[in-house]
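Got a structure here, written out as structure tokens. Questions coming.
Order as written gives the chain letters A, B, C and D; numbering starts at 1 within each chain.
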Amino acid sequence: MLPVTATNPPFRITRASHVSLFVTDLGASRDFYRDVIGLVVTDEDRDVVHFRGLEEAAHHSLTLVRRADGPLADRVGFRVETDEDIDRAAHWFAANDVPHRRVEKDHQGPTIQFADGVGTHLEITSSMDVVDRKMQRFDEFHAGAPQRLDHFQVVTHDVQGATDWWARLGMRMSEYTAKDGTEELWGSWMEVKGNTHDLVFTNGRGPRLHHFAFTVPDAGKLIDAADVAGALGFGEEIDRGPGRHGISNALFLYLRDPDQHRIELFTTHYQFIDLETPPIRWDVSDPRRAQLWGMPASARWFFEASAFPEETVHEPLLTATPATLEDYLQLH
Amino acid sequence: MLPVTATNPPFRITRASHVSLFVTDLGASRDFYRDVIGLVVTDEDRDVVHFRGLEEAAHHSLTLVRRADGPLADRVGFRVETDEDIDRAAHWFAANDVPHRRVEKDHQGPTIQFADGVGTHLEITSSMDVVDRKMQRFDEFHAGAPQRLDHFQVVTHDVQGATDWWARLGMRMSEYTAKDGTEELWGSWMEVKGNTHDLVFTNGRGPRLHHFAFTVPDAGKLIDAADVAGALGFGEEIDRGPGRHGISNALFLYLRDPDQHRIELFTTHYQFIDLETPPIRWDVSDPRRAQLWGMPASARWFFEASAFPEETVHEPLLTATPATLEDYLQLH
Amino acid sequence: MLPVTATNPPFRITRASHVSLFVTDLGASRDFYRDVIGLVVTDEDRDVVHFRGLEEAAHHSLTLVRRADGPLADRVGFRVETDEDIDRAAHWFAANDVPHRRVEKDHQGPTIQFADGVGTHLEITSSMDVVDRKMQRFDEFHAGAPQRLDHFQVVTHDVQGATDWWARLGMRMSEYTAKDGTEELWGSWMEVKGNTHDLVFTNGRGPRLHHFAFTVPDAGKLIDAADVAGALGFGEEIDRGPGRHGISNALFLYLRDPDQHRIELFTTHYQFIDLETPPIRWDVSDPRRAQLWGMPASARWFFEASAFPEETVHEPLLTATPATLEDYLQLH
Amino acid sequence: MLPVTATNPPFRITRASHVSLFVTDLGASRDFYRDVIGLVVTDEDRDVVHFRGLEEAAHHSLTLVRRADGPLADRVGFRVETDEDIDRAAHWFAANDVPHRRVEKDHQGPTIQFADGVGTHLEITSSMDVVDRKMQRFDEFHAGAPQRLDHFQVVTHDVQGATDWWARLGMRMSEYTAKDGTEELWGSWMEVKGNTHDLVFTNGRGPRLHHFAFTVPDAGKLIDAADVAGALGFGEEIDRGPGRHGISNALFLYLRDPDQHRIELFTTHYQFIDLETPPIRWDVSDPRRAQLWGMPASARWFFEASAFPEETVHEPLLTATPATLEDYLQLH
């Protein structure tokens, strides 16, 4: 059943904002995001590197944290509008038994960390240190020239549960996949900032972070990103694309970092603001949902994702026979 | 003095939505917007043609209306979130002596027409008929492949007054131009949808509609638009561009239609959501505000715009010596 | 052993020029090349359709011929400089026991058909009817906007033999693949017009036409081509790409027509004129020769090609173990 | 009268190859061509900097030479096919009273310097040191990512004389401008390498080098070049473009270096090989010859060019009234 989005959510989330990853070789990962992807290093020290996209005035949208014991996702971050929204969120989390805690984070305003209904590790903050937008330093553009963080995709064992949980907070579904002839949700694209998605849930073993996505200025820059990856020896770290998603209309390219965290670069999402516009439904068996064109995604694109520390990964509630799943994934 | 944006506006405007123009030769103008610009004709009859951008699900974002007595702008339109916002707007307009009237418009939900504090003719509506998004009918893309209406620019005699008026309704300034060393506003870029602007006011004889703008997917499509204009004999109807605005970072191209109404095609505005980010100030004498690069705009780009019917055009409150003005406009 | 190109060839070939294909459903194939690929129909009748690229002044570069008994390649064509070169060619073919015959072809000057040393069906002509270049009719550009025919790739059982045969006619090798540590030729890129290739031979069951290639203006148009293919239901007829070849540096996209003939669209070959520049060697085991980046090619890209009528297909002289071949082809 | 190109020229020129410029501030000029334009520095010392395009295997295509007394062009260079062509050229120059001398140049094979019939300073060489093509070092691409030198444009007092002189050497006219209703040549586009031009002569005070041109990969990179120029403070050194030439179909951008030498970056010339294709004629009064679209060129684009040392500049043989000239140049 499709969720009904709260028009008066308990606090106002404004956008997907930032992501933090644990990495095993901080130097190698910094080089990857700076040289292969083209992100801007805002600052770095022995244990942490903060990056932002070229147009971003916020201090960081990607943070790498050194951690010896393997490639895990730390948490994904959203913005709320004001400090009061942080207070309202704390109140609502408490009232709804959502595990959460206030934390102090460098370069961020008031911040709360929490887990959503399916175990995704998150935080919200109401502000960040303001830094220079680099969007007119074209002489510093490199590779795909990523402009800003746009959204996250999370694999979850319970897409319906996750979708309902976030709809209460004002997230609105723009597109979804459902088992043919049913409303059994296999994937849910949800947004709060007026384009197609800030947060996506897809069916599988979860919670795990499938990818985070940055915009690039255009198709030419997407090809530049692939070319630079190829030139620097990361050509085989493209695990999907270039291709065109049916869902969201993105022209996409996915790359794996040295710890196999996955970043998407993309263009051409569309505006999604007017309330009378219904979400677009795709049958899960429709291959065009995944790609209007493009060579098949690799199996690792479908099955690999980054777990969160100490969070149990659940088997999906919805299952398919192996043959049907292969069909869904177009793996053959 | 910079305006303080109302965080709890009396009604919720969501985006720049649609524009209506009076044209003297409906067939010629329809051909222009369909064949030279690449907009989609949603429907047309003897007196009216409705267009939309390729990604738009709303029935129309540009309407041409046949009218014998000359090329005037009819009005620009915004969306509000819900029908209740229309009621709230009516109440607020009445309470604040804003001239307004409810009207019935085909293909639109409840609609109110009004004039803002500087005489701009406007309307707001809460919904439109939903039609197919054409964004994946790439076989029908043509010329610049314009995706959606993005913003309006209005010439006004009183930029400060206009800016204050709209700030009360929740519009927020992203960038502005001011006379060097002062806060004397010469131009104001205001937004409500989370990118750099929905509505721009610049200093001059007004109110007059300077242009309305559609997004195109990328730089390549902007060049395609110019090439198609050239091939169809409209090469000299480009009155500015291609070039890069300092303000808003747009890569832009401006064209004049057969009645000399002006349309902008552009890419690469940036996201503007976080409240801690201050507006960017540009001295009016700084040539980089207008163009980081690009051949000089034509004089007609600076001085020509479309008046509204029966609305008095006022001389600007702020003036400059002719020599200074030439400097500001880089006309030499 | 690398061939020594004749600096005074017996007649002067100037460029790859045209290709003729047998098709089983002429209407379906015409629609494909016109609507999905974007070629210009020069003329057509019940049995034959002539196409050209948008910049081409020659009457045809692709000809489709109706034929009931299956999808075969007819022949590939080259230009020679003058009518005298046709006479010289006839003389040389006779002197060297090359099977050939003079033919009358509509829209072509003096023409000779022949088979090269490995059985490829070819023809040469010295001129064609001159028609309008459409390169500035940007309003008629569609899909990838293919500009001109550039080269052919032929699968042959004897790459060394084919290479030697053409070197005597003045073709020069720009790049080649050889078995690691040897000069055993697995692929040969040969040119006469000053860029990387007019004619390519690769090792396999042959002679068969692997593909013919048209240039597109840029990366954006390559993506447009894929998008239009997707929109018109031909997304799965892309059997390789987009990707970047190591050899020749092409950004490429391959599509199959309704009879499974293969067309390549590409950009960014490089100039190859100066005699002091040696050919670039790639080990056949080097995956970067095939792709600097890009998802794996389909198996059908490697194994399917169009035979010529009544021409025996030979098993390749060079072979590899199945495992090695899989390695070479990166099929796993 | 149109020239008849020699089909058996006395020696074989293969392409426009390299240009040498005198500059007053070697460091500033090196920074410009490396950082603003994106050329590769092959080597440099206190007095000379050699550059090449990203795809070029030849040691240099642009050489800057320090010289105190002002911004002069040194000479433009062409390639001949073999050392024997150098000998044949020497013989022909002697037989035809062409001022010339053999010189030793670092990194070049046998070289002859000479002046053509209208005083242009030139040299020919048969080879250069071979260096790495950088075309697949996408990580080093910058600004417009210029790939290779393509052609030169020279202002001459005698376009007909210059054209006749070069036709004898095998150069072939692809396009030309002539006074309306006459064959009075105002501009001549001549080629030897199979695209639209290697050498252009236009009417005016000459001989002076108007510009040299490098290819860029596509429209996106042309915009990148402009953006980088803008970001580095060279936005006003664009003295024409972006725009689309009618002649040659180039999408163009012209920039001035710190000594006001002019470089063109462009895409999309077309193939010009077949002998049956006549040159395209443009009336000099036809504004589409110069631009299918684009803002007017600056006056300095029309009137400024780089003289050669100690070479007399002649007034043009063909003149027009000032008003007509303004029309031709579209300066108003």
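Here is the rule we go by: a residue touches a chain if its C-beta (ideal position, glycine included) is under 8 Å from a C-beta of that chain, and two chains touch if they have at least 3 such contacts.
What you see is a predicted model, and the numbers here were worked out from it, not measured in a lab.
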| item | value |
| --- | --- |
| Distance in touch steps, counted as few as possible, from chain A out to chain C | 1 |
| Which of C-D and B-C has more C-beta pairs touching across its chains | C-D |
| Greatest separation from chain B - chain, by CA centre | C |
| Inter-chain centre distance, chain B versus chain D - centres from mean C-alpha coordinates, in Å | 43 |
| Geometric centre distance via CA averages, chain C-chain B, whole Å | 49 |
| Centre-of-Cα separation between chain D and chain C, whole angstrom | 32 |
| Shared-contact residues (touching 2 or more other chains) in chain C | 136, 218-220, 227, 230-231, 292 |
| In the complex with chain B, residue positions of chain D that touch it | 218-220, 223, 226-227, 229-231, 234-236, 238, 240-242, 244, 251, 287-288, 291-298 |
| List of chain C residues in touch with chain D within their complex | 7, 14-15, 55-58, 79, 81-82, 109, 127-128, 130, 133, 135-136, 147-148, 193-194, 217-220, 246, 249, 267-268, 270-271, 273-278, 292 |
| Chain C to chain B touching residues, read off their complex | 35, 136-141, 143, 218, 220-221, 224, 227-228, 230-232 |
